[in-house]
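Just so it is clear, A, B, C, D and E label the chains in written order, and each chain counts residues from 1 on its own.
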Amino acid sequence: GSPQDTATGGGDSAAPVKVGLVYSQSGALASYGKQYIEGFKAGLDFATKGTGKVGDRKIELTEVDDAGDPAKAVSAAKDLIGKGTKIIAGSTASGVALQVAPIAAQNKVLFISGPAATDAVTGANKYTFRSGRQSYQDVVTAKSFIGDPAGKKVVVFAQDGAFGDANEAAVKAVIGGAGATVSSVRAPASATEFTPFASQIKTAKPDLLFVAWAGTTAPAMWQTLDQQGVLASTTVVTGLDIRASWPTFGAAGTKISFLSHYFDGASDTEASKALKATVNTIDLFHPDGFAAAQMVVRAAQEGGDDVDKMVTALEGWSFDGVKGKMTIRAADHALLQPMFQAKLAGSGTAFTATAQKSLTGDETAPPAVAMKG
Amino acid sequence: MGTVILLALTGLGLAALYFLVASGLSLVFGLADVLNFAHGLFLGVGAYGTWWAAGNLPGAGPDGFGFVLAVAFGVAAGTLVAILVELVLIRPLYSRTIEQVLVTVGLSLAGVALLQATWGADARPFPRPDWTRQVTGILGAQVPNGGLLLIIAAVLVLGAILAFLRWTRYGLVIRAGVENREMVTALGIDVRKAFTLVFAIGGAAAALAGALGGVYFGTVSPGQGSSLLIFAFIVVVIGGMGSVVGSAYAAVVVGLVQQFVNYYGTSGLGDICVVGLLAVVLLLRPQGIAGKVATA
Amino acid sequence: MTVIDAPPAQVPDELTPQRGRWHRVRPFLPLVALVVLAILPYSTISLPGIFEGPVNSPGTLQILAICLIFGGLAAGYDLLFGRTGMLSFGHALYFAAGVYGTDILVTRAGLPLWQAALLTVTGGTILAALLGAVALRTVGIAFAMVTLAFAQVGAILVARDFGGLTGGEEGLPLDVSGLPAGLVGVTNTVNLYWLALAYLTLVVFVVHRVSGSPTGRVLAGLRDDERRIGVLGLDPYRYKLVAFTLAGGLASAGGVVYVLIVGGASPHITSSELTLSLLVMVVLGGPGTRWGPVLGGVLYMYLDHRLTAFGTSDAVDSLPAVLSHPLSQPLFVLGTVFILAVYFFPGGLAGLAPRVAHLTRSLRPRPRP
Amino acid sequence: MEPVLSVEDLSVRISGLHILQGVSFTVAPTGVTVLLGRNGVGKTTTLRAILGLTPPAGEVRGTIRMGAQSLLSQPTHRLVRGGLGYVPEDRDVFAGLTVAENLRLAERRGTSPAYDKVFALFPELDRRGRQRAGSLSGGQQQMLAIGRVLLNDNRLLLVDEPTKGLAPKVVTEVAEVLERVAESVPVLLVEQNLAVVRRLARDAVVLAAGKVAWTGDAHELLLETALTKSLLGVGSAEVKH
Amino acid sequence: MLATRGLTWRIGEVAIVDSVYLDLEPGEFLGVIGPNGAGKTSLFNLITGLRRATEGRITLDGQDIGALPPHRRARLGLGRTFQASSVFGSLSVRENVRLAVQAHRGGSMALWRRAAADREVAAAADAALDRVGLAHRGTALAGTLAHGEKRKLEIALLLAGEPRVMLLDEPMAGVSAEDIPELVAVIKSLTGDSGRAVLMVEHHMDVILELADRIAVMHHGALLACDTPETVMANPTVQEAYLGESL
């Protein structure tokens, strides 16, 4: 054989459509990955009306675990592409999405990023789409909590690193741009003791505190903010994480205003009913998998085996997803989607979220960026 | 003033947590000469043991005596695992330092993965008495009770370990055994027992750290132990391997430096300072602060 | 007290000429292996269960390339650890310097690859020389910890994303637009494979030559007794620094190749776990032996990559939950493999060959007296 | 008289090397039995095999008995507690511990350690109680190693080159000590200093190339010039001084 | 050629080596005796630089070497053996000696030349091994040698370095009676040629008396006497403190 052989996608009309799903089945983000894949399967059922087929062609899924490691994801993507797969979806972690995206562009295959929230996936290249929300949409939702931002004082409390940077920048652009003064308190992601930061926040006396914190230290952080009286003294906004994390907010949970990508009961769409029927309780990242499946089916239907046609079919496409009306913006492949405000109620291990308000996809639309590649 | 006191006391709380992790590490490392990368596993077992007991063990619970019982169960579980690890895995490998590294690294990977396989990757809320969530006003500072609890526990553990090393013959046997196991046996002493005991004590201290760390963090997750471990290692090394008192000093220094630099400097500087401190201490005094191996 | 002894005594093979039936053929075996590896991509053999696709498929070549890189890295690390007795916990730093250096110079500064690579390797070597000059003022476990501290600072700098250079925890995808076309795209994975093979060959050759050189002899002596080396009239510090710098340079070269293969940098590679894995690879293979570290590195990376597939395979899924849950955790299997390896292959994979030889010898019927 | 220790057909292989090949001898219940031989014949290996200290890579065959009790396959610490004292060749004091701690470690449970006896022999050890054993001079370490076993009552002492590196005066002293010790406890002694051998030994066992080359009365051996020449390679002139 | 002037090493208040004045002439053989713990090994450590003196000077050919690290002193021609054998345990006997020869030839930093190919080094190493009678053990790992063999290897390492001043710390300790004459002959042959000076600590009095031109007696860190063997042996203090009654 030749070292540069790759299998070509069977062009004949009965050959199955190969779809590769590269996501975290193990590692720190395994539970996100689990929701994603459940959502995907439900979405596939929904979009193909239970046949698992597009026309006569079966959709053949190959699932690969990347364990949250970009190097493994890249290997998996290359393997799939080498075997003729034209559609890759998944990427639970942002780092993975950012490194798989260029592979998709180099090899001209479709890539639909999953729960990875980094803004940088939007506009990454012509072949890269996203099926979840991005950080910017979170921030826009947060803004809705303070009414008119003009003259207000906003503090961002975030981790060091790209995730914190992105959030801080987004708050500066969105809320600062609307007239508020934005400052930030940053802490190392490895911090285990948060009193110094809580003190700094308290001294700043903000009208709104926007917290962007991910990881296992979050409960300790919330407890400290609560103990030092920060939660009582100002409006605190943060993103609502997966259900398993709700009890870990403890007493602080009911004092926080949550912006939410999704929680069970946030919407009442056809898609959400179908999803709920299979997974019982919908969680944060089920909708991302669901939307990814809808996009895959659309791409396969309209594009056949021609990736450029798939891209055209997806660009500008609007569909009814779990969250409501979703639109793929043609210019940069941002996925415009509804976002929610929520409150937690309950105690112990039993918490429920209720929607306060929902914002439409247009209201939370991120600014268009130029397509990079 | 209030801020300084708050930072100092919370810093000490952090120091206490580091010390609890480091003390066991230091014993095992300094006395048994085992570079135990699986120490984080003992921590995890202690934390999950407590968590499990509070929910399932009759009589145990998140409050009052039930909580004490739960913690005792967690500590017992951690100790038991440590003993098993020593008996089954480490015992055949004494004086083969490098292979110990392989085994303990393997153990830490496998152990954490096992915890994750059993209870999932997500953090679970940790059972704890309500008063640990409250604060106590000290000179105008609102000091979290969880931190104070850690400080008290650390002082008790320090005292207990010192007493053990000073008043029993085991300290001596272990120190001699590190140098030359064969010769200790040739003096008629069953050196293996002493080493198992060191592991048991190290495991118990780690498990206690895990349980109280759970109280402090409010959650328990599989990776918690490993993330604390790196600072614990730094504390052990700054303090001088095998010196429990040295570890105590070092923990205090590290905790306070982190806390104050994080407040008055820019974020992340605290960590860099601690790491810098480690480098400077070692370059000036390669044997660590306490400087003598295996002293009480 | 010695916390870290020199690794188990192994005579560097380079210093003791081999005897035996095979001694004429032996020098050529590596060459044969190299040729086989080089023409491997022309084969379409499938090894079901071992690789997903045929040997020449991009996915397989990609995994092989990564394995080869780590084989080379482990061999380079062994120059420090197995052959000189220096336990560095910060070796990942120089590898990461290679990865991030190249990535930043290509992606952020837009330099052509060859310039970026040259600058990076030079920079990585200088970095190793500078930090080594400081760290080598200590010995033993203190040395390990100082190197760990340096690496930790590196990790913090990367994670904090200073000046937006590193991309923080999200990493930095490599901008391939300025790269030679032969290195881009799935169909060209084979070129990356050859590049990795070239790197491995280079490292093994360098380490082998150096170990067999007069300097290598001094390094072996240092491992046993540093004081003695001083009394013989040699400056231990200088020799250790040479080894440290050389190993650092080799690691950063590995970083250059790795970033091309993976197509980006991510903060995983700055973590102290990576150094620890290098150590594990070397011990797994057999410190101070010629092929042990290479085999250890290849095996480690192979398991690391393939166990994720093993965990999700049907065979595992069909097991009862008590077994299938842990087995579907790749790290559980990996950790267990290390532990078993210590008891079943003491002395590492390299220790296996003499043991097998011994076995066959003792099985052969002996003439009666 | 029943021998206190009997070694029969002892073979030791270490990583393929056949170091001892069928060594047999007995140790008399009183006095000093000396084990002689050139460097590398396996004297130390013999003592260590008796104590069960052969390295893990090694393989021991044969029988070793103390009275009716078989020693092979018993853990070392149990043998020692049963009354087998060992003074190793390289002293092997615990360098990181103080002299006092080294001695304290050697105390055996359930017996009262004879400190006065040890300090009477080596007053140096009393004076240097707080010094780290690693910083003792070579000779002082040797005193510590001997003092350590004398703390306890033993049924048999295994002593490996106790006078190595000692000043002539101390050699004489150690010889006297061993002489006195041997009055109550039998000693199996490895020794290169023939003057010491001449003074102490009652029986001798000579090893050559891993085998027993000669056993018998020590004085007989030392008097027979031809015998010493062929077994130990020294003329009687050297034996004399 | 080697001289110490008021050489002192204190730990805390205790002087381990106490104001030692020694002169070693080219070609001279100076024996050092003294009770255990007198400070003989410590004196060697000070001279070779493993320990730093607290007071006093050490000169070699008039040059003050007191501040140099051990390896610089070795390069100037100081060689020593250790009381407790310290050889490179994981290298073969032959490699041990080759390493010493190589160190002597200027400590090559060559990374690319094949060490084994250096015939001169190999020849010099084999010669040194031959001289101490270890040639047949060339391929054995030094760590597995019996005690006496290690002593011989120590001397071979020293020989390989062709030092001008040799410090021998109890070379005969543990060497079997048979081999002592042989080793004595080796050591004797060292001094005969080229004005090499030897400083030797030894407790075997017969060996000292056979070899030494002068004998230095140390006691409690201080130099008690330094004179011809006859005078020293007749000294009643030496008799009393060191020799004791003969066996």
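General observations
The rule is simple: a residue touches a chain if its C-beta (ideal position, glycine included) is under 8 Å from a C-beta of that chain, and two chains touch if they have at least 3 such contacts.
Because the structure is a prediction, the values reported are computed rather than measured.
Graph distance from chain C to chain D, where chains that touch are one step apart, equals 2.
The chains that touch both chain A and chain C are B. Chain centre most remote from that of chain B: E (centre = mean of CA atoms). A simple rule picks the central chain: find each chain's mean C-alpha point, then take the one closest to the mean of all protein C-alpha atoms, which gives C. Separating the CA-averaged centres of chain D and chain E is a span of 28 Å. Chain centres here are Cα averages; for chain B and chain C they lie 32 Å apart. Averaged C-alpha coordinates give centres for chain A and chain B that are 37 Å from one another. Chain A and chain D have CA centres that are 76 Å apart. Among the residues of chain B, those touching two or more other chains are numbered 116, 178-179, 268, 271, 293-294. Residue positions 1, 156, 160, 328-331 of chain C are each in touch with at least two other chains. Chain pairs recorded as touching, per the definition above, are A-B, A-C, B-C, B-D, C-E, D-E. Listing the residues of chain E that touch chain C in their complex gives 48-50, 69-72, 74-75, 79-80, 82, 86-92, 95, 98-100, 102-104, 107-116, 118, 139, 141, 143, 157, 161.
Those residues of chain A whose C-beta lies close enough to touch chain C in the complex are 1-7, 25-26, 63-67, 69-72, 74-76, 78-83, 94-95, 98-99, 101-103, 106-107, 118, 120, 160-165, 188-189, 373. Residues 51, 53, 75-78, 80-81, 86, 88, 92, 94-97, 101-102, 104-106, 108, 148, 152 of chain D are the ones that touch chain B when the two sit in their complex. Taken in their complex, chain C has these residues touching chain A: 41-44, 52-54, 56-63, 66, 156, 159-161, 164, 167-171, 173-177, 184-190, 193, 262-264, 266-268, 304-305, 308-309, 311-312, 328-331.
By the touch rule above, chain C contacts chain B in their complex via residues 1, 3-5, 7-8, 134, 137-142, 145-146, 148-150, 152-153, 156, 160, 272, 276, 279-280, 283-284, 287, 325-326, 328-339, 341-343, 346.
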